[in-house]
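Order of writing sets the labels: A, B and C. Residues in every chain begin at 1.
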Amino acid sequence: MTSTVLKRCFALSLLSLFCAGPAIALVGSAQASTKTTPYQTTRANSGTPNSTHVTKNSSGVIISYGNSSITYRAPSAALATLGQALYQENCASCHGTEANGVPASGVSGAFPDLVGLGPATITFWINSGRMPAANPRSVEAVRRIPRLDNGQALAIAAWIDTLAPGYPLVPYPHLKNANVSDGAALFALNCASCHTIEGDGDALAYGTSSPSLRHVPAIQVAEAIRTGPGNMPRFTGNLSDAQVNDVVKFVTTAIQHPQNIGGFGLGGLGPVAEGFVGLALGVGVLALVGFWVGERD
Amino acid sequence: MSDPHEHRTPVALKGLSADDPHLQPAAPNPQLVEKVIAICFVLGALCVAGFGACYWINAQAWKLGATMGFGLFFLGVGLVAWGKYLMPQGPFVEERHTLANSVADRDAFAAAIVERGGGVVQRRKLLGGLLGGGLGIFGVVAMFPLLRSLGPLPKTTLQHTDWAKGSYVVDQSGRRVQVGDFAIGSIATVFPEGTQDSDRGQAVDQTVLIRVSNEAFTTMKGRESWAPKGYVAYSKVCTHLGCPVGLYEQELQLLVCPCHQSMFNVRNGAIPQFGPAPRPLPQLPLYIDSSGFLRSQSDFHEAVGPGFWEHQ
Amino acid sequence: MTDVINTQRSKREALGPYGRVGKTLGELDDRLGVAKGGRTFMDKIFPDHWSFMLGEIALYSFVILLVTGVFLTLYFTPSQSYITYHGSYLPLDGQKVSQAFASTVNLSFAVRGGLLMRQMHHWACDIFVGAIVVHMARVFFTGAFRKPRELNWTIGTTLLILAILNGFLGYSLPDDLVSGTGIRIAYSIILSIPVVGSYLGFLVFGGNFPGTAIIPRFFILHCLIVPAIIVGLVGAHLFLLVRQKHTQFPGEGRTEKNVVGSPMFPVFMAKTTGFLFVVGGITALLGAFAQVNPIWQFGPYEASRISYAVQPDWYMGFLDGALRIWPSWSFHNWGHTIPFEVLIPAVILPGLIFNLAFVWPMLERKFTNDHEIHHLLDRPSNRPKRTAAGVAVLTFVIMLFVASSTDVLAKFFDVSLNTMLVAMRVLVIISPFIAYPITYKICRELQGFVGGGKRKTPNVVTRTAEGQYVATPSPVYVDDVHRGLPATPVPTFITEEPEDAGENGVRVVDR
């Protein structure tokens, strides 16, 4: 415990040394458009700064908070300048130069307003490869190889955060402290109804779909739970940071590395795949053997 | 299982000479086939022995299955091949005799029943009727305790849940939900306080609590006060077949049943807009008390879950 | 005969020409009179056509079900009382689970050979029901259900229903998330029955869902009552088969008055025992390499938990599909509700399908006015109307089955789930009407095609010195030469060449 506090103090001092100047300037400019709280929960240890260890920089901006389960950290404000350039290059054509969802004239359609969404939302969409979108007109963006790396994503998040601070910050789960069994129970109650109990995802209403969880890194799982990207709902008050950490642990262990002690896992499609195997490999092969055993005329 | 009427099937007492083609193996080159079969049997025996060894050392399931499977497979293939290629090829024939007996036999059988039995019953109609009546009553009466002991009567248990006036809304961990707890777009499964760990609470009282943004929400007539601060609660039990409707699509504002894909409109009283569900999910009237806790105004106004005869 | 005793030869002679076997059979015959019937049974002829093996797949997978099932009962605890799981599968450690679930997980992880037995049991069940359906299709399309075999057709159809029922009961026993959802749906289906539904539901489940009685009740049904009925009916099925003798396809030397094929002993016995081993082997290989129903990954059932994309085992799929695509027609008036959206697809529809199967032999007798006894089978193409009707009904059921995976199909074809569901509604209704005329047409075409289905020999084309090409048919296949033999009764005895080769004569081995 003390070591993490020490580390945070160290990080804090480093940050204040290197980026206090630009941070103050940028944050100051964004005070006017601060959004109200319905996007956040007031419950302690549930994703917003209502937690035990809140760290602020010298100008009073929260740069990290959390607990022994998840630490939420703001991207370094020093990246904001780089982030602005990256944003204008990669995102502004749809989300607008002010990140308010109003694109430059000539581009019609509704695009999400990014101001005040918080860094976790921004980094999730970029790091999961959904943004920049392959096809901005599609029903929903799908996971693909990210076009920007994590550092660039953090930079863009840092710049957008300067327009108006938002929460949650980027969650860093401490999986060592998680209880995979509690995670399994919470997953079955809250997540499996869309992602399936094997985490494979499937087609949902009106052309939407729930993505597979097989290759999602821990941070993105936590980000998705807390921010509710796209059609996914947010999980805020009913899941504490410890519980989110449990779910992340379950997803990154039991879902992503299932214990298939019974042979090949049959793609997690469940009884449909089992039915095809039973009929084709079971009845089918046996009928072929029967074809050999018997006569043809 | 032997034929109980074998005496009617005369057995052909006929010999064949050993070089009769019917007794020759079907295989054109029996020596080769014999070798192949021998190899099958050896492989099968080795695999079956391997199964024993795997079992002894407690090997993984797939090793047990593979050794047993291949063992049985090779033994079986060898045995089939033996029968198919090396045993007398035939074809052999057997006569098929008609199963029906002569008219005289049938008449004798029918007469035995009708004349003996009929005579007795006709002479003692009263006794027959009394016996039949007694057995009939026993048959009906025997059903009653048998059926009645199997379970309690439903009474009105299907019509009500444990939600009542002033029940605290708690999440799966038993924490009371306060007004600031949920960000917009959040969902949780909630229960009336005290039932979250009980079977009945899980099965009957389960409710989805969603916080929708005010601009996304249209209240139905008469339900204006049911969803304070955008907190709207619907029964989680699907009105089609009772699966938990836990699938919430935030942008479409739909609750979808994971079993048969009924789609309920969250904005508009959970009216089903697609799929087989016939009725909206019942809405739970909520209010926020002076300490900021979410509580229910009353029970659901109709029975939750799938339809049944007494459903009002 | 001299008084030489205690020599090998005299002992042998005292036993008679057939040695110990003959002596034992003699003793048995003294008491039970088995010689004549036994001999007839050994000589019993089984036709060899490959399609007659399909029923054997069903029979032998049932044998495997019995054997593996007995193993499983030793380790399964049929109880819904809760315990805290502490076992070798960590993602469940500390969870509140029912004893049924915990014992199934322990059976899979801790019992030696337990997982293999469980998986073999499950695969054998999938194969059992599948083989019954395929066997039933064979019987239907070849007209083997006709007089005098209507009763056996009825028994077979009952066996299919019982197999499906017992499959569902067994699938429900582990009390895992997926099977628990299935039980919940079954409860709601019972509830949908007008007037008595809620009472029936409470009686079956011992109260409101989920109750604590259903797993123990399913256990006794699954392990004792239904299997006992199945065993009895399988016995009756086989008894009737032996009593009425097997049908055969028409062919050279085959008439309504004979049966041509292989004798029970030793040819058929070798083949069929070998086939039993092969069925066991394939099932064991599936159990070894294809994981089935990994309940530890699903977790225990709680009524508020659910997984998307859960389907029942394949043989229940047509019901699930029907429930998905049926529109939301509910009757509600005078304070009462009739949930037609459940009642029709889940109760009335399967009732109609199975009753159609039950009454089909009677219907066919009535409409064709054919009251004759038939032992020779039909080629399906020679009965185009029956074949087309069967294909239409099968198509309908298969399309219902496909409709149970609308979500998987929507994902696969990348179309909207809603579009897929509407498409399935249309397909389920129109596909039988497409299947009927197509099948009918194919049957009529095949009727005009002589020798269809027979193995043909190639022509050998030779070029003469003058450059002329001559096509001569090549000799028939070696196997087919043997088939050309006229059938003979099974010999009572075999005349052999004497052991010493020089002698010119035969020794007749006779009784």
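The definition used in the following text is that a contact is a pair of C-beta atoms (placed from the backbone, for glycine too) under 8 Å apart; a residue touches a chain by one contact, two chains touch by 3 or more.
Since the structure is predicted, the reported quantities are computational estimates derived from the model, not experimental observations.
Enquirer: Of the chains present, which has its C-alpha mean closest to the combined C-alpha mean?
Expert: It is chain B that sits nearest the middle.
Enquirer: For the chain pairs A-C and A-B, which is connected through the larger number of C-beta pairs in contact?
Expert: When the contacts at A-B and A-C are counted, A-C has more.
Enquirer: Please work out the Cα centroid separation of subunit B and subunit C, and write it as a whole number of Å.
Expert: Measuring from centre to centre gives 18 Å for this pair.
Enquirer: Taking each chain's centre as the mean of its CA atoms, how far is subunit A from subunit B in angstrom?
Expert: 38
Enquirer: Let me have the rounded angstrom distance from the C-alpha centre of subunit A over to the C-alpha centre of subunit C, please.
Expert: 48
Enquirer: For subunit B, which residues are shared contacts with two or more other chains?
Expert: Those would be 61-62, 65, 80, 84, 172, 189, 244, 246-247, 258, 261, 274.
Enquirer: Going by the contact rule already set, what residues in subunit C reach two or more other chains?
Expert: Those would be 48, 115, 119, 271, 274-275, 278-279, 282-283, 286-289, 302, 304-310, 407, 417-418, 483.
Enquirer: Tell me, which residues of subunit A touch at least two other chains?
Expert: 189, 193-194, 204-206, 261-263, 292-293 - these are the residues of subunit A that touch more than one other chain.
Enquirer: Which part of subunit A faces subunit C closely enough to touch in the complex?
Expert: For subunit A paired with subunit C, touching residues are 179-185, 188-189, 192-198, 200, 202-207, 209-210, 250, 253-254, 258-266, 269-272, 274-279, 281-283, 285-287, 289-297.
Enquirer: Taking the touch rule as given, give the residues of subunit C at its contact with subunit A in the complex, in rising order.
Expert: 48-54, 56-57, 89-95, 108-109, 115, 119, 122-123, 126-127, 130-131, 134, 177-178, 249, 251, 271, 274-275, 278-279, 282-283, 286-294, 296-299, 302, 304-314, 317, 404-405, 407-408, 410-411, 415-418, 420, 453-455, 483
Enquirer: Residue numbers of subunit B touching subunit C in their complex, please.
Expert: Where subunit B meets subunit C, its residues are 1-7, 9, 11-18, 20-24, 26, 28, 55, 58, 61-66, 68-84, 87-96, 98-99, 147, 150-154, 157-158, 172, 189, 199-200, 202-204, 206, 236, 240-244, 246-247, 258-262, 272, 274-279, 305-312.
Enquirer: Touching residues of subunit A toward subunit B in the complex: what are they?
Expert: 37-43, 46, 186, 189-190, 193-194, 204-206, 208, 228, 230-238, 243, 261-263, 292-293
Enquirer: Which stretch or stretches of subunit B touch subunit A in the complex?
Expert: 60-62, 65, 80, 84, 171-173, 175, 177-178, 180-190, 210-211, 213, 230, 244, 246-252, 254, 256, 258, 261, 263, 274
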